[in-house]
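Below are two complexes that have subunit A in common, paired first with subunit B and then with subunit C.
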Partner chain A sequence: MKRPVFTLYCLLVYAFLLAPILVVVGASFNAGNFLTFPPQGLSPRWYVTFFHNDVFMRAIRTSLWVAAVATVISGTIGTMAALYYVQHAGRWKEAVRIAMLAPLLLPEVLTAIALLFFVYAIGIGTTTMIGMIAGHVLITLPFVFINVSASLESFDPSWDMAARSLGADRLTRFRRIMLPLIKPGVIGGALFAFIISFDTFTISFMLKGIGTSTLPIQLFDYLRTNFTPEAAAVSTVSIVLTLVVVIVSEKVLGLRIHRF
Partner chain B sequence: MTAARRKGLGPLVLIAPAAVLLGVFLVLPYLNIVVMSFRTPGQGTPYGPGFTTGNYTKFFADSFYLLQVANTLWIGLITTAICLVVGFPVAWQLARGAMRFRALAYGLVLSPLLVGIVIRSYGWTILLGNAGLINRTLTGMGLIDRPLPLMYNALGIVIALVHVFLPFMILPIMAAIQGVDPALESAARSLGASRFTAFRRIVLPLCTPGIQAGCILVFVLSLSAYVTPSLIGGLRVKTMAVTVVDALIDTFQWPWGSALALMLSVTGALCVVIFARLTRMKWKVARP
Partner chain C sequence: MTEVSIERLTKTFGSARAVDCISIRIADGEFISLLGPSGCGKTTTLKMIAGFEEASEGAIRFDGKDVVNVPAEKRDIGMVFQNYALFPHMTVDQNLAFGLEMRKIAKPEMRERIAKVLDMVQLGGYSDRYPNQLSGGQQQRVALARALVIEPKILLLDEPLANLDAKLREEMRVFIRDLQRRVGITTVYVTHDQAEAMTMSDRVVVMFGGRIAQIGAPSDIYERPENLEVAQFVGQVNLVKGTITAAAGAGKSRVASVFGEVAVDSRTDHAPGATVTLSLRPEAIELKAAGQGGAQGKVTARYYSGSIIDYRIALDSGETLHVQTFPNIRIAEGDRVSVHAPADGFWLLGAAK
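And then the complex of A and B:
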């Protein structure tokens, strides 16, 4: 392909990637009762409606709460597993990696269904949030693992040995050598875990109890029967929440998030 | 406890929580769902007493479900192929292109991943609907009289799935291209190969692992996608994942739903294995 044609092609793909997101944001300011084109003037009225809608506000709180709990658990477990993987796994390295990535490789819909039956089989059902949180921890675990183990790639065992020869005990070595190395990976992985958990649908949809709908579920239910721009307002707020998390992490912490 | 023993057990504490979590909440549920798929249907309960292979014979006897699996595989295949064609040039540009806007372009490729799948599918319903942005614009310009059927069909599902999964194609291919030394191409060119030949014989075989990874990811993800086919396909076009979830949520046929979900996953896994074999063989043949 000639260079200008090639560039144009790529620009079109970028436009394609952005189009549906921009359309949602644009639609949220539609003043009309329905999503009509061209919009009947601009107005923040659907944001006002949304902020007074208890169902959506409760769903946002549930989502944030589930994402926070899942992030803390999977951040801890995933970091520990990554430390084991890099330093101690030895000949089990490949097995550990595959096991840790398994939730990502298995179809999410099958995992969700399997978990649903399992929580009923062990008798807790969906009356508690255990099933949903376990599901969220499962699907976010690979991202913590990938990020933390990537940050340890540059780790050289001789640094640890040098510190030991200089008299540092185990705790000091961890605090002064390991922790600074893995910190960006842990924070990056946790942020990604939070975003994935906040946005995930299938796991939450299968494992939700009564009154524990997360924001994506509530939005999905709403979209099946309603066509007002309120859904667009909800979506825009959700996008902005995620963007704030990402921008803060990029600017303040200067992180590079590894997705793969 | 001896020092050696402490050294052996200590690190295991690090992996233990992950092992317990994966064992209890992944391995056991998967074993359970396999058992569930052999249970008898219940009367008013999710499943009955005793075991049967009836769920599987029902699946293979009913052409409706076989057709639906074929349809789902077809949608997955088309989505993967389009993602590859659309994504490869972008991956190339990101890996080799001019540096000025690379950070921005990379951000653009990542951005869909940061927006929930429900929201992205919703965006496509706004664009593709009969009274959606595209149809309204085209009728407004007098190009069409009646709205184009963009939604509630396989076309709409594929368009939206390509959007949802394109980053999963671009990122691994980009990583693979970055791993190919541009000097190899120059060497081929200096030995008289045309640009196309150098690309086909040198670059393409070397970034095949990235292409494979991208294709497998997109294919598997589109097979198990629920939200997009459900919102875009509506009631008219159903993929297997939608049928399975609806069967479980609406009718509580657990054994039947388990069998369907497993059959879809196994077929998908088989396709992936066949694909991996075929592509590897092809490149072996291509290299003299």
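And then the complex of A and C:
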């Protein structure tokens, strides 16, 4: 492809990807009463409405909380599973991989229904958030697993042997050698987990307790009866939150790849 | 410091015996090489000494104390790996400090020891560099420094020069050997490169198929190989058929061959009349112009390589010989030559097959 044609092609791809976001952000500053684009006059009034809307505020807190808990659990289990997969699974390697990726391959609604049956069968039900968090862990696990095992594959076993020869016990070797070297994979996986958990609808819809609601569900509920720019404001805030999570974790935890 | 004794050490993988009942006594401060082709069990032996592989049978003693059940991290060894295995997320300084931190050495002493050892490997100004900012040779020296700074009982090296280019490899041979002499540490060095083993070691252990074929000083291995396999592995060799004419006493036998009758050194006894194989090193042979005695032949090929010239000679009696000489003789391809082989150039390998 010639260079100008290629550039145009790239621009179109970006436009396709980013235009919906621009429309939502634009519509959220609408001064009018209906969700339209281009906005009829500019005003932050729908943000004010949103921030004073207790239902939305509660939903956003629930979403953040569930995503944080699910990320920590999923990050831990996923990292441990990846360690087993790369270092010890032996002839079970392929089986372990398929099992770990299963939540990604199955339709989410099936996973959700199965889990719903399960939490009622074992008597937990949906009165607590345990079921929903378990669901979030389940669907985010493959992302942690994929990221961590990719960085583990490039972990040279002789680093571990060298550390052993220098007198480091198992825990020290994990903490001082392996963890820093696979950190980009762990953090990358955790970010995926957080964003997917924050964003998921189906699992939350099936497993949420009576009276609790996550942001995507609350937004869906709202849009069934209302069509105001407040919905766009909610969406914009959730985009910004996602960006903040990515940037903060990059700055604080260091997502940059080590200099090999 | 440390004497290492390996006794009937065996490693089996399923039904395969990777290392088969080997015994080696390594003296304090000795530099010993395990030499052999890949798959001969040399690396497995090293890993058992280090503690990375469990021994199936036998004992490994450091100063008389069996360490077979001691985990690698408690054996107090220094190890250098083929790919150096420097920690990529740590600077040179941090790499070196790691082993000292594990030993809970106080900061001031740590600084002192790191500075000393960096000086020893001539990397004084490099402590803040990351491994990927160093050349292969420098990384190699950092790996050596990291293994030595903890002042281990023994130093183990697993093909440490295999990833370097030829010129650097020769420099590093001398460097490691000198450093080892200065530190005086008991050293086990694994290599498949016979020249490396020869130039560096006090003694060489030649291994084939999990067993020891021969243990001896480099000159012993080269000049008095135990069998044909060893002779061929440690250098190029001509095989000459001969017949025993008489025992000559003092480990010598008189042998008649195309080169006449000579008294040849031998480790084995053979009855007169027995057919035997003699080895004759290419550099022991002397070429002269045709008609000057010795065996007669013709030069079929000549390869010039600077410090030496390689000749292929077809003897009139049918054998082909490989000859190496200094390039100060001018013999061309196709020339007829007289081939002389001095008695001490021969070694009796054993009965001919």
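One rule holds in what follows: the second predicted complex is superposed on the first by the 236 of 260 C-alpha atoms of A that agree within 3 Å, B and C clash if a C-alpha of one lies under 4 Å from a C-alpha of the other, contacts with A are read in each partner's own complex, and residues count from 1 in each chain.
Keep in mind that, in the parts below, a residue touches a chain if its C-beta (ideal position, glycine included) is under 8 Å from a C-beta of that chain, and two chains touch if they have at least 3 such contacts.
Please read these numbers as outputs of a predicted model, since none were measured by experiment.
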In the superposed arrangement, which partner chain does A:181 touch: subunit B (first), subunit C (second), both, or neither?
second
Have a look at where A:172 lands relative to subunit B and subunit C in the superposition and call it first, second, both or neither.
second
Please indicate which partner A:110 is in contact with in the superposed arrangement: first for subunit B, second for subunit C, both, or neither.
first
Which of subunit B and subunit C A:91 touches, first, second, both or neither
neither
More subunit A residues in contact - subunit B or subunit C
B
First (subunit B), second (subunit C), both or neither: which does A:102 touch?
first
May I ask you to decide whether A:158 touches subunit B, subunit C, both, or neither, giving the answer as first, second, both or neither?
second
Going by the contact rule set out at the top, does A:3 touch subunit B (first), subunit C (second), both, or neither?
neither
So, A:52: does it touch subunit B (first), subunit C (second), both, or neither?
neither
Shared contact residues on subunit A for subunit B and subunit C?
259-260
Residue numbers of subunit C touching subunit A in their complex, please.
50-52, 71-74, 76-79, 81-83, 85-89, 98-99, 102-103, 130, 132, 146-147, 150, 156
Quick check: in the complex, which residue numbers of subunit B touch subunit A?
11-15, 17-19, 21-22, 25-26, 28-30, 32-33, 36, 46, 86-87, 89-90, 93, 97, 105, 108-120, 122-127, 131-133, 136-137, 160, 163, 166-167, 171-172, 175, 220, 223-224, 226-227, 231, 241, 244-245, 248-249, 254, 257-258, 261-262, 264-265, 268
List of subunit A residues in touch with subunit C within their complex:
156, 158-159, 161-169, 172, 176-177, 180-181, 258-260
Using the touch definition from the top, list the residues of subunit A that touch subunit B in their complex.
1, 6-7, 9-10, 13-14, 16-21, 23-24, 27, 35-38, 76-78, 80-81, 83-85, 87-89, 96, 99-100, 102-103, 105-111, 113-118, 120-121, 134-135, 137-138, 141, 195, 198-202, 205-206, 215-216, 219-220, 223-224, 231-232, 235, 238-239, 242-243, 246, 259-260
